[in-house]
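In the two complexes below, chain A is the common chain; its partner is chain B in one and chain C in the other.
For the complex of A and B:
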């Protein structure tokens, strides 16, 4: 079953409109919830007043004072309140202050607008530089949430003897996830004699993160907080941490009203209030010898974390570790900081810091190649990591790695050499359309960074069902990526039964064990491996207990499961993640094996720039990657195509427009993602190299395709237009015009 | 939905007379609505208060495309899709087809109307530049009677129109271009489809004996309302095709526009790109 293009397990229900999303679920006596938010980026909340013309006594109203447990979201650092209390600090615009619920959703909206927040406004910090300048200290440690250094060798010893020293600074903007289904939660609280029972169903990625947050919010034990994932219309990291807040809000309203409460964000609220990709600024200083070998790499990497710590420390880690890319370099210093600003907290987004730092490096290398008089592909070829080389953290490349082969395949597919030659001729004429081709080479670490997986100690299982089928028990969520299908393929392969005999249990904390969050390109490789191991253990158990003998037919297997179930009631096998013995990581020094393994990619983009309008069209795109063994080629290609589309969007159009710390283009009309006519055909290929860590040899691939497109597209632009300072994404037509004017003096 | 639905009242007249009666009885009391593709977006976003709407969509008299020797006449409720589907529009008014095709998504094109696109008075609407370039006229109607106004005199400022509170746009008359014509339409949007324009330029020229005998340029997203590029037109009109004063006309065009910085683009980009597109148009015209 591994390697076949199995049909998406939940696809039929989605296509027929039978899939049940959060907003499809309804109850009698249902209340609708709404969130009153701050409109200023920073200030002291002095008072909350209720305007005229609203029957306030009909409303359930929740303020910070009502919170039964701790008014802090239980995350890595507990710094973010569920609701700002009167007298407390507002740290960003759109920060939740008060909750309302009412059976009439139209009246509710009217009421939301009638709440008046009296705020003593304070000066706000709205960008990275102001945060570093410390005009105001607004959070973290002197505006720094996390600072880390990765040190290998000594760049300072190299500068004096290097043939070439090349510097550059690169910036990336915030990016909105724009999952098709906005955030939403439905909460029910049963009041008990001793303890309440809180149940929340919703659109989410990480049920156990929410459970932990709600236990802290209500002061309840785990068995009193149940989180159930409904069908979820996309997430991309955007439903990783913020849903804890929404679930908490819905639950508070349900708890206070004693009725079910549905809290669904509309698109505008979702875009304005929820997390975005961290904006970044990266300064690179590189030294090369005469021949173009990389001698030293000094990187200053800064992320704009927004107002609270949330996941920024780990986003920063991943970004910093990926900052040195796929190149051998004996002297590398990486200084990374996540800084506080009074903007809505930045959060997880496909790639998790790596697209930002890889954009800087891969863009910088093309700038270097131009200065060194080398072809960008040849400069890379001279410096690729090979087996036995060490990465910036000291991690030794243990597996077969052929980056030159990967790159050559991409160059050949796109027609790199011929195109660069012929475009140079045509571009020299007065034709208004200029064309170029560019590449990027990159990697993405699979699973949690460093000791993350060890701390998580994830569990997954297989359960035998009364009818002889089996169920996969894992908290991994189906968010459109195909997890249900892939897990079924893995389990059916291990059990040697058809996929129809494998069911995947709904991600419900009452039913499935904590297999960690659905993030970090970890579901297939890490949790999938647990599923595979649990399936083997389940089969062994059936054999040892005498229910099954090998070889067996699917019917005999089914019969064995039926009989074991009849005999024992429940039959479940669980496996837990244990750190492989050869992997070592030191959280303090950032030395060691940052990831159990990496997926590798080389992407190429061909662009056409209209010099009349400065519009850029990506006309061809080749995405070739090595992701271990591919479990489902159709789903895998879909992941790559979607990631590339998202990456091209980030590179060219997706610009979050801020005004006073608020997103002002929070509509799909004005936040520009590419449509099908804005995108080229995306040509995807996988080079397979099975890896022992993953199920059937699979590695992670969900985030990889976000890392490569932006630098490839901008490198292609450089090829089309000459050496402009194309150091920022999104490179909108407006910015491109500015860059071209700067270049023309 | 952020608009307060219970606060809305909708009247659905089925004849023009009925609609005009309502407007005359309570001038300004009812907001005319055709396809609703602009109003409903605003209402959904809570940017338009609940109120009283006069739904014109059932009035058959306002539908249809007619044609005689010299003119194409569009009922105000003609949809973008109907314009795209009409062979006469393709033959005589290619810019109007392009602008209908450039508007919104197919669903919007099925629902949105030419009259609505005019009376909504958005400076960024896609059909007005084409109508300006073709020298369209509007038929306005009220209980007081019918009158005709030149479309280029209709928009008077941001959302300001030569349209009384009891009047409706009933139809749009566009003269059929005669002789040797040159048609040019370019919308520069935020992306290739389903986009609002950053700028839009439509041009029509009639060429007679090697001279530019007729020349109009309509502009979108470059002023508080759709406007004609009168200064630039004056530099070109009457000149021989072989001696178009491109640089001077480009400069004159800059005095015809007053773009703004907004969430879609910048003043600088709009000025530079408008000039570039205009020049590209003149170069094509010179080779026509």
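For the complex of A and C:
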């Protein structure tokens, strides 16, 4: 079952239009919820007033005062309120202040606009530099939520003797997830004699994060807070932490009104208020010897965290660890900071900090290659990590690693050498369309960073069902990536039964154990491994109970499960994550094995630039990666293609425009993601190299494809246009025009 | 607000009749009054195509159409593609080629593809991309969707 293109398990329901998403579910006596937000980026909330002409008595109104438990979102740091209280600080312009519910959506919208907030405005910090300058101290420790250093060798000892020292500064903008289904939650609260029972169904990635947040909000134990994932229309990290707020808000309204409440964001609200990719600024200083060997790397990496700490500390860790890329370098210093600004909190987005730092490095290497007079591929080849080499954190590469082979395959596939040669000839003419080809080589750490998995101690299980089938019990969510199918494949392989005999339980905290969040490219490798182990344990249990003997047919297996069920009732086998003994990590010093393993990629882009309109077209794209053993080649390719599309979007078009700390282009009309005509056929291939950490040898792959496209596309632009300072994404036509004007003096 | 009107129309071959406000959005009429929740809303502003339905032989964004405009019309939604449990060739092809990942764009995408194949039974890749360019998908990068449409057009068992 592993390695075959099994058909998506829930695909039939999806093509029939029968899959049930949050907004498809309804109740009698349903109320709709709405959120009143601050519109100023920083200030003190003085008063809330209710305007004229609205029958306020008909409304359920919730303010911070109503909150039964703690008015803080339980996250890594408890700094973000569910609702700002009167007298409290407003830290960004989309901060929730008050909640409304009513059966009539139209009246609700009118009422939302009629609430008046009196705010004493304070000066706001709206970008990285002002935050570093500390004109105002607005959060964290002197505006810093997290600061870390990764140190290996001593770059300072190298600068004086290096043949070449090359510096650069790179920026990346915010990016909106733009899952096509906006965020939404449906809450029901049953009032009990002693304790209430809170149930929330919604569009989400991490049911247990939300459960924890709501336990804290209501002061309830775990068994009184049930979170159920509905079919989810895309997430990409955007439904990782913010849904805790939406679920909390819906539940507060349901708790106060005694009725079911649906809180669905419209597109504008979703784009403006929910998290986005962290904007970044990276400064690079590199030293090379005469031949182009990398001698020293000094990196200053900064992320704009927005107004609250949320997940920024871990996004920063991943970004910093990936900043030195796939290259050998004995002297590396990485200084990383996540800074506070009065903008809506940045959050998880596919890649989790790594696309930002890898953009800087992979872009910088092409700048260096030009200065060193080397081909970009050859400069990389001289410096690739190999087995036995040490990465920046001191992690030793212990697996067979052939980056040169990976790169050569990509170069060949795109026709790198011939294209660079022929394009150089055409580009020298006054033909207005210039062409270029560029590459990037990168990696993505699989699973949580450092000791994250050890702290999570995830659990997954297998349950025997009365009809002889089995169910996979895991809190991992199906968000379009194909988790249900892949888990079925893993379990059916381990149990040696057809996939039809494997069910995957809905992610419902009442039914499945806490397998950790569905993030960090960890579901297949980490949770999938737990599923595999649980399946082996389950089989062993059937054998020990005397119901099964090897070898067996699917019919005999089914019979054994049936009999076991009849005899003992439900049999469930769980396994829990334990840190493999050879992995060591120190959270204080950032030394050790940052990840159990990495996936590796080399991508190539071919572009055509119109030097009259500054439109860029990606003409061809090749994405080759090594992700261990591929469990399902069709689903895996789908993940890569989708990730590459998001990466190309980020590179060229997806620009979040800010004004006064608010996103002003918060509509699909003016925030541009790629359509089918904007993209070429993305050509995907996998090189297989099974890894012992994952089930059947699989590693993670969900985020990897976000890391490579932006530098590959901008490197191709450099190839097309010559040495411009293409140091920023998105490189929209307007920015490209600016870059070309600067270059022309 | 205006008085409700009686809206009579044929949806997926069946005559239906509902009382709605004349300016109610067709997407809400479908999802809330007719309980056809297969049609999705992704933006409410005519950009994403998740709400695409066929109205009198023409595809429209149902989030932009007032109910009154559908008076007496013939509508096709995703629920009308399959013959009972028998998938439409496009549905079959989307299913086999992993054309639906999160599935949220899928209902609109299928209706747009059905319209494309009706107008252009043997499209090449460029025509498929052009024909689906009003429907945004954030999951697939469109490759598998294009493949699915191609396979359905070629009529093979996708």
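As a convention for this text, the second predicted complex is superposed on the first by the 745 of 745 C-alpha atoms of A that agree within 3 Å, B and C clash if a C-alpha of one lies under 4 Å from a C-alpha of the other, contacts with A are read in each partner's own complex, and residues count from 1 in each chain.
The criterion applied here is as follows: contacts are C-beta pairs under 8 Å (C-beta built on N, C-alpha and C of every residue); 3 or more make two chains touch, one makes a residue touch a chain.
Since we're looking at a predicted model, the values are computed, not measured.
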item: First, second, both or neither for A:288, with chain B first and chain C second; value: neither
item: Touched partner set for A:266, first chain B, second chain C, both or neither; value: both
item: Which superposed partner A:208 touches (first chain B, second chain C, both, neither); value: neither
item: More chain A residues in contact [chain B versus chain C]; value: C
item: Partner chain in contact with A:650 - chain B first, chain C second, else both or neither; value: neither
item: Partner chain in contact with A:681 - chain B first, chain C second, else both or neither; value: second
item: First, second, both or neither for A:359, with chain B first and chain C second; value: neither
item: Contacts of A:614 with chain B and chain C, given as first, second, both or neither; value: first
item: Which superposed partner A:667 touches (first chain B, second chain C, both, neither); value: both
item: Where chain A meets both chain C and chain B, residue numbers; value: 106, 266, 667, 669, 674-675, 677
item: Chain B residues touching chain A - in the complex, by the definition given at the top; value: 1-2, 4-6, 41, 45-46, 188, 190-196, 198, 263-266, 268-269, 272-273, 276-277, 280
item: List of chain C residues in touch with chain A within their complex; value: 1, 31-32, 36-45, 47-48, 50, 77-79, 81-82, 87, 91-92, 94-107, 110, 125, 128-130, 132-146
item: Residue ranges of chain A in contact with chain C within the complex; value: 7-8, 10-21, 23-24, 26, 106, 177-182, 231-236, 266-267, 479-482, 634-635, 637-638, 641-646, 667-669, 673-677, 679, 681-682, 684
item: Parts of chain A lying in touch with chain B, wherever the complex brings them together; value: 105-107, 109-110, 113, 266, 268, 432, 612-615, 617, 653, 657, 664-665, 667, 669-670, 672, 674-675, 677-678, 733-734, 737-738
